[in-house]
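First the structure, then my questions, so here it is.
Labels for the chains are A, B, C, D and E, by order of writing; each one numbers its residues from 1.
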């Protein structure tokens, strides 16, 4: 993420900045701990005049929100796609550069409903805030789309042995299984054991599982693994994407989806700044957010496959990709789905 | 003092925690096959000396800072504690130090490690049981539940298993009933006579110590203040008064009479 | 020992700060604490508050572990009890913050007593594990109970005093600092009475303490209660400070952090708890500073920060235990002695 | 629920439990000899997994060579740790040594993250992958292999202590180092051997655990479950580790199957609390002798 | 004097009646009965493992006997827990020194008074009124009565861990005295001491009895001291009372000699050893 932000700002600043203003970027590490993040926030904001802030965890985004509103001088985006944050009333000065977790589920379920109407779906998620986030709304969406959720399986955080959970999954015999709340483990073992048992279910994942290198690390289990991704992959060749070309020039080896997230976030933030300045307004949080929300059918240089709009705090767009074990790449399996 | 010395302690100084000096230039020797008694008041440094000899000081943050200790002619400084044991120097520590959650038999088994690397026949548990029949009765029981005397027997029994040439005995009579003290000391004398084991015996009960020993040292504040053959020591005025509790007339003084009267020792003044 | 201070009464000898130099230093320190918020940036104020909260909690743990000898890995869990209680009260009832803090601490103390009950039978590290069990159960409760907002936790309004809301490090400082000072002073007082002695006796040899007239269960539970009261209060302050409480706010690592703080500071001394908590809170900040400074030379410094911090945290614990088992407090004492006797060195 | 499901769940639980037992044994070995509650056992296990990955993927060795190497690496680590961190702590209170191991765990986790990164990784496949069916019931092959390996190793240790003086030396050293020295036991060696054996065992277990669930710098939490296992079994009992491991494996599997995954940890810890109230020294642990 | 002891005029302060105590299969005490007259020095002797320490532990409430009654100052101690017994004036020292190594000598002694102080948690936290008054009064009393009496002024601020064995025993005695004892139970007070130190301890014990009016019950293997200073001796063997009476009576008892005293003559021992050696 760090590298992505850095690179976009480099492109921007090398190109003369926004209306002659350069953007200064200050980074702090926080170890995903709320108090460390708050400390970093205080430190940075007491030393610099900040307009754009990128924070990490959901916890931090929630913690800092009142402070953000109080200051009213900046907008913030974060690594979290938590559903709760996608509420412009509660979090007026925040946004995320992609769909929230529930929207990701929505995209997946829509795809499923189209492929196999009335399919049986199972959710497998970790017992964390991250894992639980989209489960209840996801179920509602499934119902709307006339899909049956046959099983919801919770795994304790950090668990490695999932044999019993796989047994449960086999009993439920779903057509599609969606994993959420994990990066890698225990998905591979889950899939391997399920395949050994002769299950035919299609396995799917959400953003943080979907990086190419992560899926590759699933080994045999990766074959055919699907998931939702709002951005194009680094190597994605279909369609035109001048921005991706630029990235490929700057960095010759594969860049992760996290990099892209950082990159896109920086881009959207810069766009908000530009629009605010264009309107001749001061760079306050509310103005910046208004600038951001005025984005309609905006072309991200092809990073999102379609022009995007930001109606609220999120960018509810994504596409289903499927892992091809011969190409060792995620290949598109659907069109861009806009919610 | 005649005979070759199994143990020769020369001008030893010991310091604890790099600050507290406990032994200040102490010398003594234990001749082959004899029992030497070491007396002295609490804190004089008797146990410290024994630990210095068996190289166990380091465990308690103590160190020998001067002098030398030779066991059978070799300087012990370079030997690890267990190495010394395997060469035949066995330390029966103060307070018995048996392994409470092992059985009696396992305690003896533990002592067989002292035989490792030595050309000796297998350990002889029966010898121990013949000296201490009580241990045989309780050999399957946990040592922690033995009575004080039985634990002392076990501690000495472990020494026997190790077939040492020198035993350092630290207060074997501590907390023992009078009859047991007699028994244990009889056995100590028997072991010495029958197995030819030399001993350095630390004791508070001077009377019994003198009964088995041939030579004695008296320690105060980390230094030897008097020494000599036992028959000479028992005639010394101060030894009689402070260690044996004998009044001027030769009879034992009563504790009821001492009350507030106190005389200072000659060797301190 | 200070040379040349003659005590003429037992009262003087029993006083907490037994020399005029010490008292002068204390007054200076207090003045500095009052002046601090007016000169420091919000960042430093933020850190000061965080340190104070950690000092409060560490002092509580020190009473339990350092003085009573009952190892607990549940301090963070007790804090979470205080924090959640405060949050729930603030959101649902909007009662005054002092009352909320006290209720939170009281509830934590009650839970502490409950957790302490096995301590009569269960000893040493078995007990430490039992406290982990309690943390796990509390964590489970908080992350599945609708009252505590389940996995997503609670966000709460700030504390208010005379209509002013305390939502800035500057205003919070005036809430947190005095409370912490009172807590530390209370602990120091406690330790010079029969209760403190009973704690130490239990630590050193619990079975004989009983025969000397100290009811073991009652004092072990008292110790648990006071320590978790402290934790609860610290947790309440934490809640007002961050204004969001989630199940992940008080993980097991935090309990370890407090244990580490009292070890690094020096177990069984009040000063140790303070020094340790402050030190351990500031070290990560220091590392960040170093990393930022090193970035030009070594561009990946920031990325390496997280693992390095973990390593340093572990290394500090290990290093202190091996090289200075009596902690920072001992270093402080040595330094003091050195300056006293200077130029006559001992 | 149908019986087949119950049977399958039971099998899976016992399989997972065997790995707990194996790691538990590593834990008990150290405790038995040194009275050190080694909280870093989870991280040592993790390091075993990473060492395997390093040898197999990094140096491109065959997994069958990498496995013994990883175990040896565990042994070397044990030796180093004992030398550098534990021996200087001789004579300190158990709490202090316990904290040293917590520190050690933290250091190991940091080092792993520094070297291999924070992302979870997968070990190369090296175990046969034909599913095992017992009757109708399915058993994951890796779990079955883990079970067998654990059983063999634990059997070996049990035999070792049954038929040699080693057990006595271990217990004697643990009880009283000074006294152990004084009867001729080479105390430092007992310490070294215990740590080497234990860490090697843990590293081996780490490869098995990693093969099943993948490896990551947070894999150390496995140690937490193992802690429950040994506390339930009794800190100083190998048989206790065996029984405790299987029991916890089973309980976790049943809780996961019938209550849901989020209950696994809380159920085992609740069980632990109840058991400690009834048996403060675990199922097979020795009572401390307390006399006035 | 003989007559007075034959029919103890003083009423018993401690009465032990039919106590039995077993640990699993081990019968530590069987039907033990005896009385301790107020103001006396009573000694309990007997072989190792006879149950003397267990008896003390039972009296102080650490063990619960399976059968029998103990009454103290006329009141039954049944169901009274150890700390409460201490509060009523049953003070003791321990066979294996049980000082609190993390405290100074002064704090160890202060701890003895615990049961008689009233400071509660709140008082203590604020160190107001009662807490402060109590602490200061306690300090004064300990300094002036106990520390002075036992001649340990010079070590009052030392940590007990650094003291020699003899001094530690003295601090234990001081702590027991701080408990405001009515009866003082001493478990092997002179074990490990040489003649000179034993004499000091004997002097303290006699003074405690005479000047403080505290009844003494002690276990000791040093026959010289036991026979000289005690008024009354109870002999235990295998958990049973095998004899009791004045020192002189007990010394002459055949059963006691066989089970416990042995020849009692060091000269004889030495002669026998010499004879065997030849």
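Just so we're on the same page, a contact is a pair of C-beta atoms (placed from the backbone, for glycine too) under 8 Å apart; a residue touches a chain by one contact, two chains touch by 3 or more.
In this text, all values refer to a predicted model and were calculated from it rather than measured experimentally.
With every chain reduced to the mean of its CA atoms, the largest distance from subunit C is reached by B. Look at the CA centroids: the one farthest from the centroid of subunit E belongs to A. Once the centre of each chain is set as its mean CA position, subunit A and subunit D turn out to be 37 Å apart. Distance between subunit B and subunit C, defined via averaged C-alpha coordinates, is recorded as 50 Å.
Taking each chain's centre as the average of its CA atoms, subunit B and subunit D sit 44 Å apart.
Distance between subunit A and subunit E, defined via averaged C-alpha coordinates, is recorded as 76 Å. In subunit C, the residues that reach two or more other chains under the touch definition are 207-208, 211, 306, 309. In subunit D, 262, 265, 288, 291-292 are the positions where the chain touches two or more neighbouring chains simultaneously. Counting partner chains per residue, subunit E shows two or more touched chains at residues 57, 62, 94-95, 98. Touching subunit C in their complex are the following residues of subunit E: 57, 60-62, 81-83, 86-87, 92, 94, 98, 100-103, 107, 110-115, 117, 119, 121, 123-127, 131, 134-136, 139-140, 143, 175, 179.
For subunit D in complex with subunit C, the touching residues are 37, 85, 88-89, 92, 94-100, 102-114, 118, 217, 224, 227-228, 231, 235, 262-263, 265-266, 269-270, 272-273, 276-277, 280-282, 288, 290, 292. Those residues of subunit B lying in contact with subunit D across their complex are 54, 56, 59-61, 80-82, 85-86, 90-93, 97-102, 106, 109-116, 142, 144-145, 158, 162. The touching residues of subunit C, counted against subunit A in their complex, run 41-43, 46-47, 50, 143, 150-153, 155, 158, 167, 169, 242-244, 246-249, 284-285, 288, 291-292, 302-303, 305-306, 309. For subunit A in complex with subunit D, the touching residues are 127, 153-168, 170-171, 183-186, 188-189, 192-193, 196-197, 213-214, 217-220.
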